[in-house]
């Protein structure tokens, strides 16, 4: 189950005193099935976050339909977990209580809650840190807590908006691998936004390339690098694979054409 | 040639011997004849000096300001004057403005259940702290063997006394006119300051002067006293003419904010001593010093001040009042 | 900013201990100057009594008191007023502040009221308070309360607005109800600023204390100072100021400690 | 935080215009209740005069005045005091604050003084100021000045400390002298907080105005209110409060405008 | 000219109430000649910034000698320009005034200053932005202003601490190429700290690999990728070069060994 459908979805932010009206998404069609790992890439302002906000229920479309399992989406829901880039952990709670947040809201009894939190912390490799203050952790560990929190509520769909964008290269790679392993274990539908083409290629089974003004889906690719990684190939060799490098070139050409300006206003 | 700033005045009458800086004189809102001299500018004219008039809300404020040296001459009750002298503020008493008699009284509110002094026990009394009525209240309590711990004495300025009285949050008040006149219709007078004065504890409002100023400006002081005495005399001699419609009463009303209709009554409650009385035994000649000493001793008992001087006569200047008598003025 | 200590071309930083020592030395030096000024007769005792007199007065105040109450009773009376007002202010200003932070309607409703009365000097509306509420404890507590309400309420509002939108959205995707979001996310998220507001508020409260005790008090530190001033008892005035200063500073320390303890993540 | 407007499960935000309208309606409603309360005789005029009386009084105050001065003269007298104090405070507190931000020595030296006097109620030390400085304008301006000094100085210090170390280091590698760093980097870098301090300071100044005009003033808004209170002229008291509120609020607006204009990068 | 020499340099941060003493650099020897582009890599806490602070004159060594052209370094100096990762532009100045800062400090006459600023803005491709507010620019453009400002003062040495760390991948690549071109044009000695191995390999003529606890230089490599890029080879093909990929593996193994923890405490 869990199937996302976007049918001619447009999002227009009306003009305000200081800004003109922006068409953040223009008649976008999209269909995502369960167990897909969708990665979204595109230059700044092309509507990636807008797309995620629609799915999370943070935003209603100006036109068109957004549906989950044929049901229109109205507002946030526990079946759609979100991992944010930052600022989303509660510093007044320790690691375990942060992870338990969704369970607390649902009124789950304490013992059961502890077990579930233990499992989730295990998954992200933070078993020993249950009682730590979140602000004492490194950025990478904080992102793992965020992932564990989203997983604890057992959503059908996991939405991530540049979850690794603020991390250094090394930590980032280790978390990419972790996310893939968790995806394989849980088999959820994942939508993952990134600015890194390499990351998008490495993680996704489906790559969505977007272009701005107005925000549109330019092209989508079906990929298999992540499956090959999970089947045992090393990440390093995959990234050196000529297919990988060729695709990287191709996507780069779309979102950052040679001779054009360099991604800046 | 010094010009006065008073409205409609002519060039100064007696030319000053020495150029004087602006004289600052502090007054309060009691109702008495010399207010006419402030309002009409006759004092400035008589002394030939520019005078800056400052209004103070309490005797305590007056003596603080005198201590700072910014005020040369000011009016205060005997109680704050005693405090100032005991604290070695460099001032002297040179004129008794008025003997306090019926214009300050202890009044019990109707419905408070107070019939006599003894009933005050356990009641709430409002009084402006550090004033002559505060002193007299404490004296009255002592004379009636009531411990101050057995009554609740609240520090209320006259306007707050009226508000508290209306709201029935105080049972009695010891206060002066015009507020006194406003509350007596709904209360009973238990005791007037006149009655307490008769037991040998008089209170009065007096004028004090910074000693250094008085020494250097004797002429000014004489002219000043002369004009104040003239106004007092005019009131004594023509009391009936100072009616609610008279220019004098209107001037007082303007300066103090009191109702012109009340003013003749209130003034009638005071006694304004003439120059002979001023220098006589009862006031500057001896009585005032004694009254100040008594007041100071009492305040020391109350732990409000630390020292009581042996002789308060050294804080009294009779020269200026005496100068009027020497010239045979102004008693007709 | 990192705490890495690098040679800074501008700041000459000393260790915290050195700064403390400098402060201690300054304090001592000021006391010494004060002592010298009075001992050598540069100023009259009426203007500035000697430190010895003030200390002695403090002793007297503790033992026998002034204006029919000991120092302890005066302090207690003031503490009671400031505290009742504080409690009331916290209990009302925090919920109202949260409401104003969440609902633009509440904001529109209450903003003009708060913004208008906030800059008013308490002394200006004191006469009205007395006319309306009388001369009892209620009027005093209300005056202090009003001084405290605005800063606590406005800080709370600002704190609520500053709660990262991601936190609220995260809670929503985790199934939190509106009330749960307020209880679990908004309240703790705004806590640092609420505490700051409380600290500022209590400071305002102390500043307003003397005004509150100006009318019809029988005890209280402000009352004591005002009463002493009426009798030119400069030593009591200064002793009273010291006590007020110390108590107010003590509160500030307590509030800072509380901040440190309750919101250790602040500024991280 | 981004300004992206997404559906927030907690906040119900209205447009700024809607909020303004709500505020306007509230203000009108309050005036109406006030009018009804007096017109229907729920409260005695001594306690609360009717809006008409107050408005009429305002007219009187402008035309003929109260206590020997017109409303305009009272306002001018108060403005003069607050402004002189403000000017003095800015001219002294900003340099001292910068020094305290840069030099731990200056911080150690001045911290105990400022931290001690800051929480003191101006009314408590007013008697001392009068005894020392008299009843002239100096004493009044100094009282207001003292209330303003601490917030401006402490904000400046905090602003200086908050200037990113990178900025200072960058200037140093570009060959700036100590003075150039202060002039070109520290001062503009601390400007946002200096302006905030000035805004808070001017607010404190207005709050202290009435205290300053309590003793022996001949004009001033605070003096007018106190004087009116002595005569139980509640209408003048209320009219005076309105004028103080409006002037103080006006200043706050001016200061905010100044911030907007001088430090447009604030919060970016 | 311009030759940096480190002779048995150690930096020890003394223990404080909350922390133990840290040996940030331990008897480090280093020699850098003019026209070198030195890139420094190593995991967090290995002393990279400490090294840069020494050269910039922000920090004095605990032991050993730091010399520039045989003169010991005391404090910052105009001959050593620094480009920071962030927070180093002055928001109260417009772009041109920011770039002119060093010239203003030196008291250069206005006309001359404007010319020089024009040239520098040209170099970094911001000619049209002289009068813009810096906070209105994107992150990438802000970094270009920072570079232009350092270049305007014409330092012999350019020190950069993760100057591109906060930028997204696309902007980052375009700035890498810009920096190389500027380096070729000006021929300065550059020290460039980064967390990205690819960046370090692509830019440097000399790669310095550091290891932590205590901070040491593990190994240095002489590289030629940047020279090949400047000679006309495409960045994309260079990064796909087997040598490049092999070196990438080797360095990764040093700073982030397989099976070890993932760069986090």
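For reference, chains read A, B, C, D and E in written order, and residue numbers begin at 1 within each chain.
What we mean here is this: a contact is a pair of C-beta atoms (placed from the backbone, for glycine too) under 8 Å apart; a residue touches a chain by one contact, two chains touch by 3 or more.
Nothing here was measured: the structure is a model prediction, and the numbers come from that model.
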Path length in the contact graph (chain B to chain E, fewest steps): 2
Dominant chain pairing [most C-beta pairs in contact]: C-D
Centroid-based (C-alpha) most distant chain relative to chain E: B
Centre-of-Cα separation between chain E and chain D, whole angstrom: 47
Centre distance in Å when chain C and chain D are each reduced to the mean of their C-alpha atoms: 17
Shared-contact residues (touching 2 or more other chains) in chain A: 57-58, 75-76
Touching two or more other chains - residue numbers and ranges from chain D: 6, 8-9, 46, 127, 131-132, 164, 169, 171-172, 176, 226, 229
Per-residue multi-chain contacts in chain B, two or more chains: 64, 67, 157, 159, 163
Residue ranges of chain D in contact with chain C within the complex: 1, 6, 8-14, 18-23, 26-27, 30, 46-48, 102-105, 107-113, 115-117, 119-125, 127-128, 131-132, 164-165, 168-169, 171-172, 176, 178, 181-182, 186, 203, 206-211, 214, 222, 225-226, 229, 234, 237-238, 240-241, 244-245, 248-249, 252
Of all residues in chain A, those that touch chain E in their complex: 43-44, 138, 140-141, 165, 168-171, 174, 195-198, 236, 240, 245, 249, 252, 255-256, 262-265
List of chain B residues in touch with chain D within their complex: 26, 29, 54-57, 61, 64-65, 67-71, 157-159, 162-163, 166, 257
Partner chain C, residues of chain A touching it in the complex: 56-58, 75-78, 80-82, 84, 86-88, 90-92, 101-102, 104-106, 133, 135, 149-150, 153, 155
Interfacial residue positions of chain C with respect to chain B in the complex: 44, 46-47, 64, 66, 68, 127, 130-131, 134-136, 215-218, 223, 226-227, 229-233
